[in-house]
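Labels run A, B, C, D, E and F following the written order; every chain starts at residue 1.
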Amino acid sequence: MDETLRAKLSRTPVAGLAAQLRKRGLDNVVIEGLHPLGADAKIVGTARTLRFLPNREDLFASHGGGYNAQKRTFDAVEPGEVVVIEARGETGSATLGDVLALRAQVRGAAGIVTDGGVRDAEAVAAIGIPVHCLGNHPAVLGRRHVPWDSDLTIACGGATVQPGDVIVADRDGVVVIPPALAEEVADAALKQENEDAWVAEQVRAGHPVDGLFPMNPQWRAKYEESQ
Amino acid sequence: MDETLRAKLSRTPVAGLAAQLRKRGLDNVVIEGLHPLGADAKIVGTARTLRFLPNREDLFASHGGGYNAQKRTFDAVEPGEVVVIEARGETGSATLGDVLALRAQVRGAAGIVTDGGVRDAEAVAAIGIPVHCLGNHPAVLGRRHVPWDSDLTIACGGATVQPGDVIVADRDGVVVIPPALAEEVADAALKQENEDAWVAEQVRAGHPVDGLFPMNPQWRAKYEESQ
Amino acid sequence: MDETLRAKLSRTPVAGLAAQLRKRGLDNVVIEGLHPLGADAKIVGTARTLRFLPNREDLFASHGGGYNAQKRTFDAVEPGEVVVIEARGETGSATLGDVLALRAQVRGAAGIVTDGGVRDAEAVAAIGIPVHCLGNHPAVLGRRHVPWDSDLTIACGGATVQPGDVIVADRDGVVVIPPALAEEVADAALKQENEDAWVAEQVRAGHPVDGLFPMNPQWRAKYEESQ
Amino acid sequence: MDETLRAKLSRTPVAGLAAQLRKRGLDNVVIEGLHPLGADAKIVGTARTLRFLPNREDLFASHGGGYNAQKRTFDAVEPGEVVVIEARGETGSATLGDVLALRAQVRGAAGIVTDGGVRDAEAVAAIGIPVHCLGNHPAVLGRRHVPWDSDLTIACGGATVQPGDVIVADRDGVVVIPPALAEEVADAALKQENEDAWVAEQVRAGHPVDGLFPMNPQWRAKYEESQ
Amino acid sequence: MDETLRAKLSRTPVAGLAAQLRKRGLDNVVIEGLHPLGADAKIVGTARTLRFLPNREDLFASHGGGYNAQKRTFDAVEPGEVVVIEARGETGSATLGDVLALRAQVRGAAGIVTDGGVRDAEAVAAIGIPVHCLGNHPAVLGRRHVPWDSDLTIACGGATVQPGDVIVADRDGVVVIPPALAEEVADAALKQENEDAWVAEQVRAGHPVDGLFPMNPQWRAKYEESQ
Amino acid sequence: MDETLRAKLSRTPVAGLAAQLRKRGLDNVVIEGLHPLGADAKIVGTARTLRFLPNREDLFASHGGGYNAQKRTFDAVEPGEVVVIEARGETGSATLGDVLALRAQVRGAAGIVTDGGVRDAEAVAAIGIPVHCLGNHPAVLGRRHVPWDSDLTIACGGATVQPGDVIVADRDGVVVIPPALAEEVADAALKQENEDAWVAEQVRAGHPVDGLFPMNPQWRAKYEESQ
């Protein structure tokens, strides 16, 4: 992702991006149900995907231990990427802990998004890399998962994520943007933000939302004039 | 609501009000499952109701856009009122954002209660009007709702709310009080608070709860004497 | 619990204990779904159990009021014990309030764990005794429960807890340790913590997790050398 | 509803109607989660709506007993109408029993759809009027509901239903059709049924679905020829 | 239970019993969420309770195998008793299979009620002893449970059940009756059944429910006359 | 799968297979929450996997229509194979309808297992190919899914399924058997069935389960003698 786009997306609320995507017919692009683990909720990056499957003892024996798909992914994540983990909304174990969160940070990853749990949650939050997750759980991943493969199109929090998709997160949630749309959507969202900020000023000044939100031609004329 | 009653209710914990309502046979008066969005959880006011229905594309086309039932309600809310939204516990979209929260605040509303989501959550929390909601979601309401009508008896968080019902909220939750009972219940709850504070002192001093909580005649005599 | 063991467990993360228990074949020992009510999440103690049953009006009449099983338990809890309440994951009422939390603290209890609700949540948090619970609710326990009996083996948050079991909690969750295993598991977890901290240093220094986490013989040799 | 339309809809599978509605941009028109109570799942009629609210003791006292909104609705239902009940997916009580089911049948109602429970379920099934519901429950409605009002736009099983909407049900589920679309959608669905039946014949004869389902120009030509 | 009472309860619908219990202030006496496994749903008997706890590997080792609490209970059940199992609504394993169902039948048990699963479901249904359960699951109980103790007051399907409570089940559900109330409630329910059957006749004859259901003095006079 | 093994598995209850797998350390091999759609629940075959992802409008446009992954899989399924679909437990649309069920049958497939919905459910049941699914829904798959890829290891009903795994289903549920274990597990389960049948005879004859189930040396001696 080029730095201009990253800078724009960093200034754009996820709510604004979701609204613009909806206007373009993309209504199923929010990774839902997660919350930011620590104080810093903002993520802007491109998806590096990782898929966990339900724990099955024979497959865990062959795929679960050692240098598994999870660890390979955290060693491979590139600067500006976001590790996005499919964990099927399973809250009965962790999907990462502090060592891997640290590895991601050292690699320059932009954040981690998992629809599963996190262990060492306090330590992970202290590292500072933004993490959106479903909950804390002390158990290692093997209690519920086999780390299986990476760099596939996956499901996370009810949304489909492809490797390379643009991921933006803040306190409102996590949105997935098809890369080809990212610039257009960011520009439109920033423009709308500007309008909404001006609308908010008028509301703060005591104007009703009737005619103003959304703007009728009279209000729009005033807005245009003010710019 | 007169200011004396408002002042009393502002000093009364929701837990105390719920206990008094239960003593009077009202056991189904808690709006459940919500949490305060920001630092300020306390709401005291009277209900202004708003009803959303599940999104249906033909009805959204006729009722969803422009100056819809949602916006009319936020323009109409009176000082001291609480906007209470029926959103069926749906967490897959917002039911309001920062502009409408601001409009409610400017109108002097006492708070907002919704069993749906909030977008621009950080901005809404910053405005300062207390909001109890089910979660954050970046999507506009149209993803899951059609704003339909207002000033009807509605369901919110599993409780029935009539326009004009007294709404009191704090960190323990949100309680609905039939207006004719509000004064009596507030008085009784404050009286009980006083007793409970005295009981807590005795407990802090090392007395067992046996005989003290609830008070037997001996403890009650000491309590009466202390007042 | 002797003070040496308590001191060790106080320094050991729950995640580390859970991992050691799993290595010893104990994979179902996490009380799940709860969160700490206040700022202090850490609990180390032994279980004092209390069982609630679903409210049934005739049984509430005979067992619910006065000096019931709940109050007897809080009067009886010993220093260093943790009150663990079976509330069946029911969130529609409280299972304790500020007076009983205070009584537990005065008795020297190490904490409270309940898979039900808490009322007077702000006051309870202010008391300072660590509480892990499922949520806040203003209603008294009688709305959903009859306090029934104590000192029985119970279910809490999906885990079985026996009176006397060792309970350790932090932000990651709550773990139940069979007493006979506590020392061994604490020692092993602390040893592992030491290793993991060293591994984290290497990761912070830029080393891949490949070969390091878990450690291969080369890394282990360096680790041993460093100690 | 005129008899020609009723006859057409009676021959059309709900799956076919849902597909045609989706093609016309109506994707949120299925009342979900219900099942037919008895052997006869087929309903064709127009909606007569009834709304229940969560039980609240003071409101039940004023609105729950006697000739309440529920009973007035069953006395008023017209031949060919379907009673559609909003019960918020609540399964902890019934929303109707055998007497009212019988009353609906005597009035010539086409069926009953409720996202709540049914009591006297065996008797209701024996009456023969088709009922789609969420489950059986022996308790009277007052355990969970106040029957409130009727002939309003309501939510049922996650779909919005307006009085007069066309309701069609079979074993696949219940669909809501805006009246103005019913004829067009029925015709298109029957046409598609005809095609699909012919496609099924080809599949039964051993042809792959590739090119056939959906039909490419070659298969379509054969199909047209066969008609 | 004496045979007269058993005979009465056998002729009384659970819906009628639940209504009479509610009239006497008992509103939380339905074991919810279960369904009859086979064709025969009717159970009348007294409760013999059995409690399962969440599987914990160390406790399963000591209590799970051999002649455990589950097997002791099925060997001890007396003619006319109903085995009622607390399984916490857990559907991830069975709580009984065909051998134990057969043992209960041979012992003369009146039925089995479990808020857990059943394995060998087809075989169990074929045995003919009525079973109400939450679902079928092929796994042995040890996957999710430790059979723990019996003859205690337990929770099942959200209701509290004491040993000796009267259990009546049919297609509408399972109701728990305090023994001292059983005769009175059965008599009242049968009387009401008689009334309701007469009301149904009037409805079948075309009378509105207005004034008839519930009966006003005029209708009641006609009813009395008809008896 | 060779015919001898298929014949054995056809005679073996799923409950028996699950018990043998558990004895061999495989406790997470049941596809849970599904039910058989029609009268015939028995499936024996090897898995042919198909993966659906959450609907995303841009990806549906590129992958959803025409000869998609779903249709290619049903055209490719081989005799004796079971189509196993990952649908994430989503019940808001179908994952197949009658044409594809027919295609599978014509191809000689042994059954279909999906943790999503089925449309044309009555027609699918009439075709006769055994189907285990989560529910009926009239909507086409595109409402909730994009058919994505096939022949990958997938999650279905909480279990991991690899292409080629042995799938056996009956009314108790669906079990996944690693191919290398199938023969051994079938043999052991049949042996155990034989024992259990003999045990059931003794129980039917009035013997307690104490000592008999499981068999002590005395009972085992009698059993051996009887064979």
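Going forward, a contact is a pair of C-beta atoms (placed from the backbone, for glycine too) under 8 Å apart; a residue touches a chain by one contact, two chains touch by 3 or more.
Note that the coordinates shown come from a computational prediction; the quantities given were computed from them, not determined experimentally.
The chains that touch both subunit A and subunit E are C, F.
Here the chain-to-chain distance from subunit C to subunit F, counted in touching steps, is 2.
Mostly identical positions are employed by subunit B and subunit D in their mutual contact, as over half of the interface residue numbers are shared between these two copies. Centroid to centroid, with C-alpha atoms defining each point, subunit C and subunit D lie 48 Å apart. Subunit C and subunit E have Cα centroids lying 36 Å from one another. The distance from the centre of subunit D to the centre of subunit E, each centre being the mean of the chain's C-alpha atoms, comes to 31 Å. Residue numbers of subunit F whose C-beta contacts span two or more other chains: 27. With chains as nodes and touching pairs as edges, the resulting graph is of another kind, matching none of line, ring, star or complete.
Interchain contacts (touch definition given at top) occur between A-B, A-C, A-F, B-C, B-D, C-E, D-E, D-F, E-F. Considering their complex, residues 25-29, 53-59, 88, 146, 148-149, 153-155, 158-160, 162, 176, 178 of subunit C touch subunit E. Every residue of subunit F that touches subunit D in the complex is listed here, in rising order: 65-67, 71-72, 74-75, 91-92, 94, 97-100, 102-103, 106, 119-123, 136-140, 142-143. Of all residues in subunit C, those touching subunit A in their complex are 13-15, 17-19, 22, 27, 30, 32-33, 35, 170-173, 175, 196, 199-200, 203-204, 206, 208-211, 213-214.
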